[in-house]
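This structure is in structure tokens; I'll ask about it shortly.
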């Protein structure tokens, strides 16, 4: 297959979901079954094409790209031309990501058919899913920063729309808004980063930028600016991938329908940040990468500590997602490029599975509650669950596989990628001395195993909170359970590497070769051969350690929640403040509310006051003048109330008033004034 | 000090003194008579300045005409003889100081100025000369003065007379009462006794 | 300039000084007397003072007979003006029943 | 390029068609409301047709700006000629129309918004005749400003807009219309006086030698742009003199009032809130552009030294406007007022882009002018639709109308996200290029300004939440979705917004040559 | 000499025609007796004939009657302007209801109007100081009477009283100033003054006093602050036709005389301001005095106008303010400035007349002059209100009305002369002026009338007169080269 047709195929993949979106938004309501078949069908076709692309690309010698001129500047005599191109780049990275996105999207489409049955805006929902898929693909296959930013924001839009799908709920629309605005903050940083790049290189194209960088052409001739550009662009990832300190939106985003959480807020969109860092990897200096690594580490730890104490099934998964994203970011930061990206892929599968599984649970719980006309019990609270194993076997078993995968138990995909990340961090610390990173990485690995099994056990094992409700809970229909099974299958190691204890020999790891850094050597990170050597040295140790830690976490959870050997309440009481901090997400929301939200609101009020009182002054006065003499007295009162400028206008009017008084009606007074005028002129003239 | 100097001082005292009396006198009739002396004094000055014809005219027109006119005015605007003849003078002191400043200024300027002089001989001033000027250089002013006097007469008659044709026509546009005075904020109702066309004066 | 000497021989300046005094007194009458007729008399003084200037300049200054001529015209104008003014004063008296300037001040702000 | 209809140039047609319409409107008896409306629609519709023809015939490579040869559709006649007298040379005022890349989009925008304004005015029932007569006069003024190349002519058109606007707000406006109208009037009048003074100063300073060897004083903008034409010893002679800077400041203020830039902006919220919907549309859609257009057409090329000298001032004011406007918008409870403040914020971006004196910056700025015109027009129409139905504008009065009025909500979403600068819609493209251009000239200012997009997102989303999302109140259960007439005004705007968002290339190409040349010229002449 | 006089008489035909008109009016008044309102037609005919004769004078540049009066393009320009004013005033008077209060004396009214015009004709041409004074008095004395024409009204009587007192004192100042000027220069005509000044005058202080006193006299006529005090009261008290006349024609003539005096005696003599005042050469910074007067006038009048409740009074202040704008032109000491003044005066005539005419029509119908009573007029009488709005907008100086052109030229000349401070003051004053003009417009259009108030009717002839005034106000706004060319040429061919 000619490589050019890859471009065409990818365009088809890109536009099929968009077509679905457009058709559904305009005609969805009039279609049979509100057109869910259309959206799902188009995405399925697109998935098939993306598989073709992946296979062709893996067989092909190198990346393919194509572009067209979007806008042209200059080009008149005396001014050079600047072309702004949009275009597509298909390489291994994008091909893999393409398949991941399409796969999850397709599965979520199917799952949604069951999950959202009978929803008010059923067709709208599928339209938005199409829009999201389109936008996400745009990020994946673009060959330039601008288009990435464009789709970056569009993804944010579709996320906004989908989180706010049930906008009648105040919490849903709030969450949607919060997601968008927090993302915007990150995007603003990214935008500034892009500006730095563009203003210097006059191009958005990755290749051209890397090329220029390799040639030693730095933004504003300064390494500091390059680092800054890298960090600023990474801000986009901080927002989108919910990294500390912009992680606050993701848990709230769980207000959206659960399949949406699976697709967007677990598997694909939030991973876009990781993808972006991978895509721009050559651009980052060592300093920038270090910042990235630490951000990732902090995020991973922070989210893990919070996830431990949450009771909402989706919230636990949300925090775990953040934690895992932190992992990926950290991996990229330390230079373990393939490991980080591989974790993205594996995580996409099992986390989507987890979410869909939780969706199934919620769906079932909801149905049961509905039958009992119980509208007060929270269908998502794990304290209200328990013992579901018997009622939902498919869900149970698939969920178990996903949980094992995320905990990093061998034979799962999660073990493969997590192992590589841990190795990468440890290797990095041996090279650079940043020992905090591996420490956090291992701690988080243990915590992950613990809280995931806590969730698993509380949901599926033990006693149901209200035993009489349990019989009402039923397994979900096939359209929902089949995606679960697919994803569970994909969480097995064999799809990524035939060696269950070493990913580096697998096709995926091989395909994701770390690109060469384009930055000057002085500020470049350790090269891959160097890092690889270090990894090789620590690999066995890491593997053993990671298995031990994961099993320990698992066992601890088993002890606490299954055996009840240790009282969770007692532990919480002992932890005291720490527990409350964790339970309350370390008060980030409250802090932001107090500082940023209230600060901004105060600022708006100040601005508004300033506008109305101070600046508006002059015309207030002026307007009143014309509004009639009848209100003079009231107007004079205002003189002393309104602001400075107002005073000036009033002053004018007041002079007018004073001047008027000399018009007394007495002709002799007039004459005296005239004579005074005469005298003044004469004296002035004769004296000077 | 020759005779002309003596005459000058005598008349200047007369002029200034009677002018002062005119200004400061309480009784308007006294003022009018004081004005007469001033005007006569000025006429004498004219004579001193070789302007005999002007002096005569001054006497004729001013003393004979204007002053009489003023006296008529005084009488017509007072109810009964010498009853309300006394008129008020207000803010006299500040006004006097103020005017004195103007006067002082003028005097200072006049006194300190070195005037270009081309003294006139007595014989140069002849009636013939004046007449010639009147018919040559001052021809147009002379004619115009005629028009001016005509207009002044028309005006004076108009202002002082009562209506010629008492009957009123309604305005073609508006059959309403033509007397209506557009209402301005400062236009109070008229004194019924003094209302329209009730003119008592006569030219 | 020694004073006595200056006084000894009356010249142009002397007449001008008298004219200035007359002018000032005229002004004073105009601005202080409340009777309109008195105001008119003040105006006559002002006109006279101007006339005196003309004639004095004819006698001593650069003018010759023109000064006399102008003086004549001014006298005539003064007469015309006085006639009209008195007619107006009569009208005022008929309307207001008074010739007090202060009372005739309905037109004002 | 020549294009004439009945021997009269196309630009004359496009400017004076509304006047013809106005005269016809005046002749129609006032009872015949529909005839009046159709006349207005016809006049503006024809105008739009002509504008489209212009666009079709437009040569994208011609430079314009200060190059008389490359203006298009030029019509130049002597208008006022005063023959030479001993103390001053020959004086000429020209009837000089022409367009270049800077004005073509503005002409198009004016024609489009005018027509949409007429459609939106269909619901006006009071004194229809007077309304449309004034409206058409206003349209002529706006169009005239965009095509005039003689300062005098420019000024006349500029001021002609004032009175109709005053009446349109003052008679057909909301409860505080009088206050708003006078405020608008005074502000703009002050600007007008300043402009007049500078114009006269320039006029006396500029003289060129014509073919016959006479020295001719002229208001021709192109002659004013040539620094060699400044008469030695005249007030604006030379470069970087105090008087030139003073003139720059005065002219800048007069334009900034129209833009409006902080701190000259307070007329805008009031005018917008009180004006009837179509007038708000015109005001936001076209009138605000006059200020920035005037700067690019007159201030920059004629006083390039001042422009370069005060570059940072302009950028700083732009920055303040962006952030301050956004913050004020966030504080509003009134839907219309919110949009009004958002206009200040968005025009700040225009200012920032222009101030950069870079190619991308100015192109972005002009594109932003166009896009803001279409987007804000939509937003005001959106408020108007709601106001027509409920007579309420408070943001807290609504909620949950998304389900009740899906078409309306869809269109509103497009407009609002375009205002928010969402990629794929036109607002993004112009903001992008404005910022890109600005960043190469001012790093710190631009970085601060970019934070404005966060505030913008905040207030727009907040608005969407308060108005469209949430539970539907009972009193709004009877709301009807858009009618055909209303769709007619939204759809073209929406298509433009989407098209330019997806593919701005053609629009940029239209003005690229002229603006590149302008930037080049100002940078060379001003430094 | 005889030929000169015959020649002079030939050159003097318009003025003679006016005199004949005056006489004819007197005769007609006697003949027509109770139908004396038809005297207006006689006067109109006379003015028409005069207009023809004036047109015949175009291009002449002679000095007649022994250099006492000039017939030059400058004078012709102003005569034309004055005739237009005169004709319109007669037309106004025929429509005025107010004048019927004293309808039995309407014959005299027209005679006096003719007389005033005659006086003004002399004012614009006079080059002899005595004739200047005479013409000044001629125009004034008739005006005093006219202001009090509706003498049964107290306000009218008061107006004429105030007018004559202020006028007489001011003319006293003028003649006193003239006497000193004559004494200093020894010349009785302005050419002589010019020559004397050129030769150098030693009596600097006396010259100062003379010029200041003359400026006081002129300033009264053109209502420059602080010599304007009579104007608001008189304008308010006088019949509206006369107010219009005083506010336009009288001012035009005053300016014309003032321009001629300063232009010939000072500008032509090259006697301009110099920083040193101790030199022997007498140098009077008269233009600075005028500049300050102009600035003070613009500011004070506009400020005082802000609060007016009476429309006539408002227009009075407005006209005072305009005098300030116009006076700027003379303060510049350039021909540019003078031509700008001429343009301004001509345009000002139309717009101000128009405003007064509407005021009169409204007073005729509604019997009111209060601005508050203009509320809702726009709805009751669109044509009248729109016309009024146009006139006011023109007065405020908006394009595309003629008022804008007037401002453009006067501002332009000021900038050209480099008096930036003055033009800044003028700009400020313009902004202030907007407030009160727009207030009237606001009352007319932005306020709804009460339901009881029906439409205001007016007859066709009123419409025609209004249109006659509207056309130049609008036309001169978009095509003004004829008047500009005329003014500039007139200044070029100034005097001898």
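Going by the order they are written in, the chains are A, B, C, D and E; count residues from 1 in each one.
Definition applied: a residue touches a chain if its C-beta (ideal position, glycine included) is under 8 Å from a C-beta of that chain, and two chains touch if they have at least 3 such contacts.
In this text the structure is predicted, and so the values were computed from the model without any measurement.
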Number of hops, chain B to chain E, where each hop joins two touching chains: 1
Centre distance in Å when chain A and chain B are each reduced to the mean of their C-alpha atoms: 98
Between chain B and chain C, centroid-to-centroid distance (C-alpha), Å: 7
Chain B and chain D, separation of their C-alpha mean positions in angstrom: 67
Euclidean distance of C-alpha centroids - chain C vs chain E, Å: 27
For chain E, residues that touch 2 or more chains besides their own: 130, 134, 137, 141, 144-145, 148, 151-155, 160-162, 165, 169, 173, 183, 186, 205, 208-209, 232-233, 236, 307, 309, 435, 438, 442
Junction residues of chain A, two or more chains touched: 622, 626, 660, 663, 665, 667, 671-672, 675, 678, 682, 686
Of all residues in chain C, the ones touching two or more other chains: 23, 26-27, 30-32, 34, 39-40, 51, 56, 61-62, 66-67, 69, 73, 77, 80-81, 84, 87-89, 91, 94-96, 101-102, 104-109
Interchain contacts, given as pairs of chains that touch: A-B, A-C, A-D, A-E, B-C, B-E, C-E, D-E
Complex contact set, residues of chain E against chain A: 161-162, 165-166, 169-170, 173, 205, 208-209, 212-213, 215-216, 220, 225-227, 229-230, 232-233, 277, 284-285, 289, 300, 303-307, 309, 372, 432, 435-436, 438-439, 442
Chain C - residues contacting chain A, complex: 27, 30-32, 34, 39, 101-102, 104-109
List of chain E residues in touch with chain D within their complex: 334-336, 339, 382, 393, 398-400, 404, 407-408, 411-412, 415-416, 418, 420, 423-424, 427, 430-431, 434-435, 438, 442, 445-446, 478-481, 484-485, 488-489, 491-492
Chain D residues touching chain A - in the complex, by the definition given at the top: 61, 63, 178-179, 182-183, 186-187, 262-263, 265-267, 269, 324, 327-328, 330-332, 359-360, 363, 400, 402-403, 410, 417, 422-424, 428-429, 432-433, 435-436, 439-440, 446-447, 450-451, 453-455, 457-458, 461-462, 465, 468-471, 503-505, 508-509, 512-513, 516-517, 519-520
Touching residues on chain A, where the partner in the complex is chain E: 622, 625-626, 628-630, 632, 652-653, 655-657, 659-660, 662-663, 665, 667, 669-671, 673-674, 676-678, 681-682, 685-686, 688
